[in-house]
Amino acid sequence: MNNELLNTLNSIVANATPLVIASLGETITERAGVVNLSLNGSIILAAMVGFVAALVTNSALVGVLAAMFIGMLVALLVAAAAIELRQDQVAVGFVLTLLAADLAQFLGQSYTRIPGPQILNTPLPLLSDIPVVGPVFFRQTILVYISYALVIGLWYWLFRTRPGLAHRAIGERPAAAFARGTQVNRLRYIYTAAGGALVGLAGAAYSLSVKAGWATPPSMDGDGWIALAIVIFGGWHPFRVVLGAYLFSGLRALATVIQRTPGISIPIVLLNGVPWLLMIITLLLVSSGAIERLLRLLPRQVQGWSRNFLRSDPPAALGTRFEPE
Amino acid sequence: AQDEFIFGMVLVGPFNDRGWSQAHYEGGQYVEQNVPGAKMLYFEKLNPADAPETTLRDVVTNMVDKGAQLIFTASDEFEEDTAEVAKEFPDVIFINVSGDDAYAGTAPANVGNVMGTIEWGKLIAGCAAGLTTETGSIGYLGPLINFETRRLAASAYLGARYCYENYRGLDPDNLKFTVTWIGFWFNIPGVTLDPTEVTNSFFDSGADVVISGIDTTEGIVVAGQRAKQGEKVWSIPYDYVGACEEAPEICLGVPYFHWGPGYAQIVAAAKNGAYQQEWTLLNPDWTDINNPDTSGVGFVKGAGLSEANAASLDDFIAKAAAFAQDEANADTIFLWQGPLKYQDGTEIAAAGEALPYIAPLGEAPSIWYLDQLLEGMTGPSKQE
Amino acid sequence: MKSQTLTAQAALTALPIILSLAITALLVMAVGADPREVFTLVWEGAFRDLRAVGQVVNFWIPLTLCSIGLVVTFTAGLWNIGVEGQMILGAVFASWAALTLDLPAPILVPVEILLAMLGGALWALLVGVLKVRLGVHEIFGGVALNALANVIAIYLISGPWQPPEGGSVRATPPFPAPALLPPLSDTFKVSLLALVIVVVAVVGVWLALRGTRWGLQLKATGKNARSAMLLGVPTGRSALSAFIVCGMLAGIAGSYRVLFTYNSLRPGVSGGIGFLGLLVVLLVANRALWAPLVAFAFAAVLGGSARLKIALQLDASLAGVLQGFLVLTALLSNGLRARLAPPTPISMIEEPAPQPIPAEAAHEQ
Amino acid sequence: MLIEVRHIHKRFGPVHANDDISLTFPHGRIVGILGENGAGKSTLMKILSGYQSFDSGEILIDGQPVDYRGPLAAIAHGVGMLQQDPLDVAAFTVLENFVYGMPGGLRIPRRAARRRLAELTERLGFALDPEMPIAQLSIGQRQQLEIVRLLALGVKALILDEPTTGISAEQKAILFDALRQLAEHDQMTILLVSHKLEDVIALCHEVAVLRAGRLVGCRAMPATTSELVTMMFGQELPPVDRQSADVSAAPNVLTLDRLHLRGKRVTVADLSLQVKAGEVIGLAGLDGSGQELLLRACAGLLKPLHGRVIVGGEDLTGHPYRDFLRRGVAFSAAGRLEEGLIAGLTLTEHIALVTETGTLVDWERARRRTSDQIARYNVRGRPDSPVETLSGGNQQRLLMALMAEQPVLMALEQPTRGLDVDSSRWIWQQLLARRERGAAILFSSSELDELVTYSHRILVFYAGRVYPVDAARTTIDELGRLIGGHLDGA
């Protein structure tokens, strides 16, 4: 394979990583039955805080931790408003998404466009020498490796462990979870916070690595919404979520490459709308039963397996309140 | 404060964008330091997205309330609004940067224009890239497509080609020069291509120098990041003299606007009641293009430029200076000599012929109204 | 006991205002400015003279139009986050008329506004069809269509509608005079026609929601679309009509931005006004008549903050921060109020008590 | 295990759901808990099993007072409850549901769990596939799983709240065998809440009767149905005559022609049916056997894959619901607040929604109409009460008030679900009054006697297959067998 392709694939994986991390975070939260709609703003605020913290302490690690803390804080606000104060999660999340973005702009105004600490690639020994796979997946930053671990870890957690059963149950049927001794609301706090911390980590992944630095308008603006859509597209399943994130990242890269390809003439500005069209189309696919129709075209043997993989029922209790008697 | 003279500076972007807006902001600071009693009021980020509640009229009203007697509206975007608002404040002088109403004669009497001939800077930037590239592939991070951006990209291309051939003895036809347009002057997430991703993509595809044509610094940030990871890549930012600071070690230099001296003249004249409406072009001072008190457009060399290449670049600048100072070349620009062809092969200047700097649109080809990229450049020439 | 809870309730109403002001003041101090000076400057910036008030009103007009449209969609239980894009499409359609139609003002202006309504309605209908017929949640449909509307506007500005000499991509050429809305006077630059439209829209929506079958059907659809459908309500049509009405109002708002505020089409012409409208409607808990009042307070804060930028060089996002905190604390204190309220016997539960945010208090920010 | 409750009080606002209840449940016995709607049965059971807190009183187990906090504590004390709609997680498999809630380490011990599950199911005569998703199980199977799960957790007392609604006669027999075995062999305490007196008669050793929150009597079994009814309602209810009116001469109001219907779990194929004015057709079968598909197809809520739906001579196949509504088809769904009433809207707004036809709403007139309907339908509520504050029975009455006065066809999903005998009868009076005026009625029910009493014809659904039965000649036993799938034997 030629270098250009490998490099491009490497960049696609790198660029997708914050989306992967944020969508996995939101998957954790939504699997527990809570919608954290504040993603777009949370990521921006976390990116700013992460960058500034890293800059001030000259430590990327401190930046990452600060960003995770901020993401967690915003998420906890959503959880508290929903659980303690019985407010509409969507409304609170929406307000927070706007507020967090404005707050980032206000507090970060004197830190725009200055060089700061960055998280650089650390090729993994041995693994990075594997042909094709090595250059694409294992010459990346530590954050990318963390995202790999998160995908597999989350899948294992949700589908292979006992606490994972409780995690899914509180998002599916909190009353049943309660009956089995699961402390529904406490776990919802915990998973919302954990998900929020990952959303914050995604912010740091932008400002310390993928889109290094801080500026207004924040270059990651909009990705929070895409991450939310990826969770739906991903059917709340870690593997599909990661696939969705790579797909989006890949198509964005395509928009750049198309411009350089002689013979294709699409108005460049219109090309920039592609990710959004894609977002609608993917949601259409999962919502309108089109996938089901496509599946019927497949050979019978793989139908069952693919249907399982592609099924995307949201957690049944998503966005609802649970109040034990 | 008998002597006080308050002027306003209206910026389209953030005053600290390390690009277009900061160059103006610092130009204003230069005026404060060099014109006794001059005091600046500024307003940043005046655009519908950042300040939807505020129009130029509101800003001007507020500034005039605070005593402003002259106001710079530092963007092409403000051209029409400036003309409108100027009518409401006939006692205030307005200078619209990069507009041409005063040239066209359509501006109210209290409106003047200023612009810099940055084509020179772009030629030099291109030369630095052509001298440095090891892969023979240069990326140009373009904003959106119009006459101005095409001619600036083409200037960089001509510089690169010339130096690739003349200082390195390489075949210029082997030089790859790719333009990718992000769709706007700066990144609007979700609406433009992301300059960070575009720059990465340049490097991924084998380019090792990226020249930025956009208002902000993503190009150099990415290059710096990749260089730290061990890649041999370089970058050339744009607009602002300090833009190299983002990653000095890989910066080959920056073509920039130096508004201070031009502004100071205007403010001083206005203060003395001697300002006359005009269309001012700020040119490089060819004795020293980086003289902060005389040059309107400059190019500072970056730390990323090797010593040998720096010497070649100096030689190139000297050649450009000689060309510019020759009376015979008054209405053209260095290297814009035939044979020149558009991307589609149409000849716009025959061998030995110079392309004029400006000619009426549609009558004859000119640098100013460059309708396509030049032959040899890769990338779209037109919006669709 | 009763009066005690009343005091507590009153305190909880004032709480969001006090709290958000306090938080904002802290932030202002954090960046080294004096909050009192900030508040005076904002007040001055908004109300020092007729001109300044005119500026506030000019922002209030599109904001109120969006808010009142959003009251309609919220009644139908829909999160029309796409209102930004609907504004942009309204602006685009109006701009098309302004740039291409050569008609006298008395004909051209109504045509522009009607086209803007059409544009906004079309874009809203798209979100609506995606939601109602194809099952794509309106929040995602809306977010995506907002971005696409932006892309379309920038495409038009930088492509087909560029001035002939190339020049700018920051705006279309200015519209000819007959295409523009005339101002009331030189000192009070506000469009009378737009004021009339706003009043008609607010009163019209208010009346329609409480007095017409359409309004009742919207409410039924919003509370439980499935049951409403079984009771004979054309729920799909109801939801789509809510989108269309909101889109039309947002379209007018967009046209006002291009036909009066800017005199040309610009990128980002919606300026987040739609999002701000969502905040307004959340704050007034979807009550139509409160929307213009709160919108005015928001407009005043934003308008006033222009002066803030010039005098103190504070970032204007401060206004957004204040508004965000206000709505957030209002939501949270609603919840607190419900928690503190004595448990009401089931058969005595009333409609949620109104939670007025006194408009005077909001002005003082 | 001996369970005692002493002086239990529980209030919900003004409602005294449990008023000074004292009872003793000895081990090895199956005790039936009876009472009309809202008598407080479920409340008491939830208190016993830790799902609900109580205001005062105490619970003793083997003579020791216990302090419950949550269902898990109850289970730890050996008391487990099987809810009417089993509290399991539809997205889980049988095995995951079985394991979830059991103590243990991080990993799910699949092999051990599978063995334990097999052991228990085999002993009780149940059949469960460990890898089957819960969403694909019948209610009966889900009950079996819950019982097995509770046993695995070591409960000594089992509380069942209306376990026999929605399960087949066969599954009921299996369930009852298992319960008897647990009571007699394992000496467990078993509490059974049921509206179905025949179940109580068949299974219980003794009964306790609640009325309006109070304990009004206990007695040992056997007892006759009428004795039990008298205990529950304080009087004997007059018997209801079977429907016998001759409708053969009446005109056709509905024709279904070779209808194919596809639901989530079942498909009904090739169904043809003629319904005459004034005819009552009962749809029997387990939940989800296809009855609801038919009802919804008749109301235009489900488009048939092929075949035709003809209402009053007009082919409405593929038309929207509102066309059916306009032609006089009235539909009511089983879930009242999900499909029927609109929480958040007042009674008046509901009435206005169905009666107002102009552009403007005349609220004065709507309020007057609401008051009239409240009086006529005996709804306990005010015109401006939000509907969610009405009790279930009153919600059902309001639904009747919202229904057209003169429908051509009524398609009713479980019109008396969860209602006590008295309320059910009232509802049927209203329905039959409309029938008198010429409406045909199609209704589904899980109450066999309701089906037999009110129907002219009964259609038995089993896994999408439809078997017609003459209501006048069938018996409850026969019907029970048919529902269980013995279509061919009949």
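Chains: A, B, C and D, in written order; residue numbering restarts at 1 for each.
We take it that a contact is a pair of C-beta atoms (placed from the backbone, for glycine too) under 8 Å apart; a residue touches a chain by one contact, two chains touch by 3 or more.
Just so it is clear, the model here is predicted, and its values are computed rather than measured.
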If you tally the C-beta contacts, which comes out ahead, B-C or C-D? B-C
Approximate Å spacing (C-alpha centroids) for the pair subunit B, subunit C: 38
Rounded Å distance between subunit B and subunit D, as computed from the means of their C-alpha atoms: 77
Need the CA-centroid distance for the pair subunit C / subunit D, whole Å please. 48
Can you compute the centre-to-centre distance for subunit A and subunit B, using the mean CA position of each chain? Integer Å is fine. 38
Note: subunit A residues in touch with at least two other chains are 109, 222, 267, 269, 272, 276
Could you tell me which residues belong to subunit B and also touch two or more other chains? 45, 49-50, 144-145, 183, 188, 190-191, 383-384
Of all residues in subunit D, the ones touching two or more other chains: none
Sort out which chains touch which and give me every pair. A-B, A-C, A-D, B-C, C-D
Across the complex, what residues on subunit C touch subunit A? 27, 30-31, 79, 81, 130, 134-137, 139-141, 143-145, 147-148, 151-152, 154-155, 158-159, 275, 278-279, 282, 315, 317-318, 320-321, 324-325, 327-328, 331-332, 334-336, 338-339
For the complex, give me every residue of subunit C touching subunit D. 211-217, 219-220, 223-224, 226-234, 343-347, 349, 351
Which residues, counting only subunit A, touch subunit B once they are in their complex? 3-4, 7-8, 10-11, 15, 109-110, 112-115, 118, 120-121, 210-213, 215-223, 252-253, 255-257, 259-260, 262, 265-269, 271-272, 275-276
In the complex, subunit B residues that touch subunit A: 14, 16-18, 45, 49-50, 144-145, 178, 180-181, 183, 187-194, 196-198, 200-201, 203-206, 216-218, 221-222, 224-225, 228-229, 245-247, 378-380, 382-384
Which positions of subunit D touch subunit C when the two form their complex? 12-15, 321-322, 325, 331-333, 337-345, 349-350, 352-354, 356-361, 363, 381, 385-386, 389, 402
